[in-house]
Amino acid sequence: MSYGSTTSACRALLQRDLSLVWRQRGDALNPVLFAVMVVALFPFALGPEPTMLARIAAGTVLVALLLAGLLSLDALFRSDLEDGSLEQLVLSPHPLALLLACKIAVHWLTTALPLLLVAPLLGELLYLPQPVLPVLMVALVLSTPLLSLIGAVCVALTVGMRRSGMLLALLVLPLYVPVLIFAAGACNAAQQGLPVLAPLLWLGAGLALALVLAPLACAAALRISLS
Amino acid sequence: MNPLVLWFHKLGSPPYFYRFAGRLLPWFWGAALAGLAIGLYGGLVLAPADYQQSDAFRIIYVHVPSAWMSLFIYAFMAVNGFIALVWRIKLSETLAMAAAPIGAAFTFICLATGSIWGKPMWGTWWTWDARLTSELVLLFLYLGVLGLHQAIEDRRQAARAAAFLALIGIVNLPIVHFSVNWWNTLHQGDTVKLFGPSLIDSRMLWPLLVMAVATKFLFAASLLSRARVDLLELESGKDWARQIALAEERA
Amino acid sequence: MNSPIPLEAPPLLEARGLAYLRNDEPIFGPLSFRLGAGEVVLMEGDNGSGKTTLLKVLSGLLQASTGTVLLNGEPLTLARLSHQVALLGHLLGIKGELSPLQNLRFAIGLGGLRSGITPHQALKSVGLEGYEDVALRQLSAGQKKRVALARLLLVPAALWLLDEPYANLDREGITLVNRLLELHAMRGGAALITSHGAYAYTSGTPRRLQLRGQEAAA
Amino acid sequence: MSEFVSMGGYGGYVWSAIAIFLVTLALEAAAPLLKRRRVLRELRGRLRRARKSNEENT
Amino acid sequence: MSYGSTTSACRALLQRDLSLVWRQRGDALNPVLFAVMVVALFPFALGPEPTMLARIAAGTVLVALLLAGLLSLDALFRSDLEDGSLEQLVLSPHPLALLLACKIAVHWLTTALPLLLVAPLLGELLYLPQPVLPVLMVALVLSTPLLSLIGAVCVALTVGMRRSGMLLALLVLPLYVPVLIFAAGACNAAQQGLPVLAPLLWLGAGLALALVLAPLACAAALRISLS
Amino acid sequence: MNSPIPLEAPPLLEARGLAYLRNDEPIFGPLSFRLGAGEVVLMEGDNGSGKTTLLKVLSGLLQASTGTVLLNGEPLTLARLSHQVALLGHLLGIKGELSPLQNLRFAIGLGGLRSGITPHQALKSVGLEGYEDVALRQLSAGQKKRVALARLLLVPAALWLLDEPYANLDREGITLVNRLLELHAMRGGAALITSHGAYAYTSGTPRRLQLRGQEAAA
């Protein structure tokens, strides 16, 4: 009779979620397609002048990835809620925050990571200046997990609600603004040849904080909205 | 038990609070209206024109009290939300949720009067500076709290979820307040100081302080009347609520 | 109250003055009962009388508005859930995209493994031999329910809370559930099950818990 | 008087700010009164229905 | 015994849908909030310089309204599908295309019209040059109904599908691109002081065509996806 | 075949060799039957035997894979739906946000109004007097079903297709449905209803239509 360790619970959860994503790998491409399309709309909307597009490239890529991430958030707990797996997770005696951290990690791996991989391509579409690209990538690497973590807390609050899409956006975006400010700040500094370290360090600090607090908040929020 | 603790305990019971708030309400409304009248008269008529801004500065008498209230009410909401989450006190849930629309109204006033003021002073309705932006984010936070509260069917669960969100959003408050110190912006720095000398003429200052007190009373009055109605709705299955409905029917 | 355990030992499950309010309306009234090792209790009540809600409160998913739930004499709270409880609700908690084996492996990771049984054996004993690697969504509703029952066999929980375990099952499935319940009771486990009465647990005379409005008694 | 209204040329700004302040707060104060009427109406409807079902039962 | 005229059927439908929106007037604000937030993200992402923001203002407002409209599309038939009203509509002997046109009209009135009303505010947020605003407004007046009509056909195709959100976006966005090109073309021409009539006329022609064809296509698509 | 109308007049509803395939698998086999004015036919079959699908085909929501549906002797197609048919499905087609009265007004706008009855009277005759202006989501499942039944009373359809009309209703509601069916038949209407057998239409001996796999007969 073994009650199983918390490590093995996390491992089982990671394994299950990854194999679920693998079974539906088509769906995982959707956020990428969405981001590509949002970015592709801008040359149509603003006209095709390269200098102007280059000026706005980093910011637009950031906004597009942020919106794509936002729209994919809704799926974080939906299927688990619908088939009752979420109840089983909440009922498990292992620390819920840890289990949720695993789920958030898988979500980041399967939606944000593909977005990170296409980011250089998106930059290229908008003539992003070469020297800005590495800074943009570092900013994205730091900010996308942060966005996933913050978003997860808000999703946990709206889980089980009908028509939650728009409400979720309303809840999440104000909290995304500071992240965006720092990420864009770094890119703009790079574009103007200024030092970029300070905003990136702020992002890193925010990420460290969120890594600790967000899963706990997410667990608390989930308990509230499941009751 | 300590009589004060006992009284707080009693206040937490909805029927007692309903009656107690009902007795306080006329006084609060009276104080609020009198304060507004005196403050506006002092600000618009008695105070001298500013040497830089001439009469445009008079917007201060609505802008700044509203700005202060927008922050104060958010803090009030978050504190009550915290109490509601930890100790599950129904009155705190009700107070937190009743405060949200009032706070949203003051935030809206702050934004609207600020941008009206900005047009003659800065030559633009809006800039993307830190204080203005964080105040806008504050409005969205209020709206998010209201939206979440409305979207959940069970009233108490809704209140707890919205209170949780309010708690998360509280990180924005220091940003709003200190943004002028942290970033150099167009917006005015602190001119009124609680401790130490204020930077403005006392004839300009006192109406501002009166307005600040009056808006506090206005908030208290509106909060109590909202909380009363919400409790009545929340407890509509209980006996005391029916009795009030019956009494109103007879009246 | 014919509990087969000595009175001084705390019962496996005890509810004291349990009630749940939703929007301040009582869903089920104050309710006190005990459930000892080896007992199977059948809960009956009309649609909407609060059976599912009671099971959720007992498992710790919902917090009771008043009263407490004691598990082996210790209170059950959101922060202190237990390996001792397994809930099988209206929603089975299994993934249609995965195979029965994958689903059971996940359940074991989360809830632990009873000694002396493997996932293959559990699937065999619910009659799903040969379906180990088929995606669950290709199974019928009754077969899905059987996978969820196999989970109960695997995890080391002493208290089973089963919400309408007979639903979707054919005659054979119903006798399977009854056999599992008997086995579980014999091994010293306990179970609380709900049913609309049609296909109730019939071996021995199970105790019944009536859930009707306020006046409920063990 | 007209000097007071014109506010040294800033009349439009000052008075519209004051108007926004007063109107928003007036609406805000009116909202609970309206809601109170609705809640009381619902409560009375509930009472009436309860009374009716009581009469039917007895 | 009266079988009711088609006019009275349309009137009843309009009345019901409008009172539904009125009952949930909070929800009707969501697209507006979303658009405001998307627009508000850009100054953060690109930095607050007025000249640069003014340059991209018209295009960004167009993209934001388009995305907000896109996200609100999902709700067009969802509640009717979920409670069976859609079946009753399809079964009614009145011309389905006409009834759907009424539904699309209500959708436009309650999501696009508020967006139109805040468009000047959004422009102001990004320092849209004064002379461009009227052109932008005309372009929006012509293009938002067009977007609603095109979108409705795509929603009708995906109605009843789970996780249709992303798929819908993928179907709709390519069709929105031509509309965006003409609307943005007019605004860019206005910004450079060139004549704006030609793209606006194209938009008008597209709208006229869509007004006739889209309800028919929508009815056909709906019949397909309900069977 | 005991239809009370003369043979030369076309029956209200006639199905000729009707079958429906999904993914090329037959859902119900070729099926022919007639339904005359004044008749109530009860359709029986296991879960998943195709009852709901048949009703959808008969109403015109789905197009039959083979065979035709004749209404008063004229074929029913997607392009030519009729005021003569009213369908009450698993989903009731009413809005939780609106009041019963608003819902009925909409149904009248869409489907027309039978002479000699008003929405208020219809609500009264299904036992919902006093609930005219309550938002529907505050009513219980059974009360919602009653609103949907009131719609049937109001619209001038001669053929009622009712999918499990007894579900969610208490004893009183069940007799109400039977009363409505009797009244409808007496006025020269016809009805085809499905049920899991528990609470079937019992006045007189209704004709039965068995729907079991391929071998179905009128």
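Per-chain residue numbering starts at 1, and chain names A, B, C, D, E and F are given in the order in which the chains are listed.
Here, contacts are C-beta pairs under 8 Å (C-beta built on N, C-alpha and C of every residue); 3 or more make two chains touch, one makes a residue touch a chain.
All figures in this text were calculated on a predicted structure; none of them were measured in a lab.
*Asks:* Sort the other chains by how far their Cα centres are from that of chain E and give me the top one.
*Replies:* Chain centre farthest from chain E's centre: C.
*Asks:* Fit chain C to chain F on CA atoms, both being copies of the same sequence, and give the resulting rotation angle in degrees, nearest 5.
*Replies:* When the C-alpha atoms are superposed, chain C turns by 175 degrees onto chain F.
*Asks:* What chain is the most remote from chain F, judged by the mean position of CA atoms in each chain?
*Replies:* B
*Asks:* Quick one: report the Å distance separating chain A from chain B, using the average Cα coordinate of each chain.
*Replies:* Measuring from centre to centre gives 34 Å for this pair.
*Asks:* With chain centres taken as the means of their Cα atoms, state the distance from chain E to chain F in Å.
*Replies:* Roughly 37 Å, centre to centre.
*Asks:* How far is the middle of chain C from the middle of chain D, if each middle is the mean of its Cα atoms, in Å?
*Replies:* Between these chains, centre-to-centre, one finds 51 Å.
*Asks:* Which chain B residues sit where two or more other chains touch them?
*Replies:* Touching at least two other chains: 133, 140, 143, 147.
*Asks:* Which stretch or stretches of chain F touch chain E in the complex?
*Replies:* 59-63, 78, 80-83, 85, 87, 89-98, 102, 105-115, 135, 156
*Asks:* Write out the stretch or stretches of chain A touching chain B in their complex.
*Replies:* Residues 153-154, 157-158, 161, 163-164, 167, 170-171, 173-175, 177-178, 217, 220-221, 224-225, 227 of chain A touch chain B in their complex.
*Asks:* So in the complex, the part of chain E that touches chain A is made up of which residues?
*Replies:* Against chain A, the touching part of chain E is residues 27, 30-31, 33-34, 37-38, 40-42, 44-47, 52, 55-56, 58-60, 62-63, 66-67, 71-72, 74-75, 163, 165-167, 169-170, 173, 177, 180-181, 184, 188.
*Asks:* Give every residue of chain A touching chain C within the complex, in rising order.
*Replies:* Chain A residues touching chain C: 1-4, 8-9, 11-13, 15-16, 19-20, 23-24, 79, 82-85, 87-94, 223, 226-227.
*Asks:* Taking the complex as given, what residues does chain E use to touch chain B?
*Replies:* 26, 30, 33, 37, 40, 43-44, 48, 50, 124-125, 127
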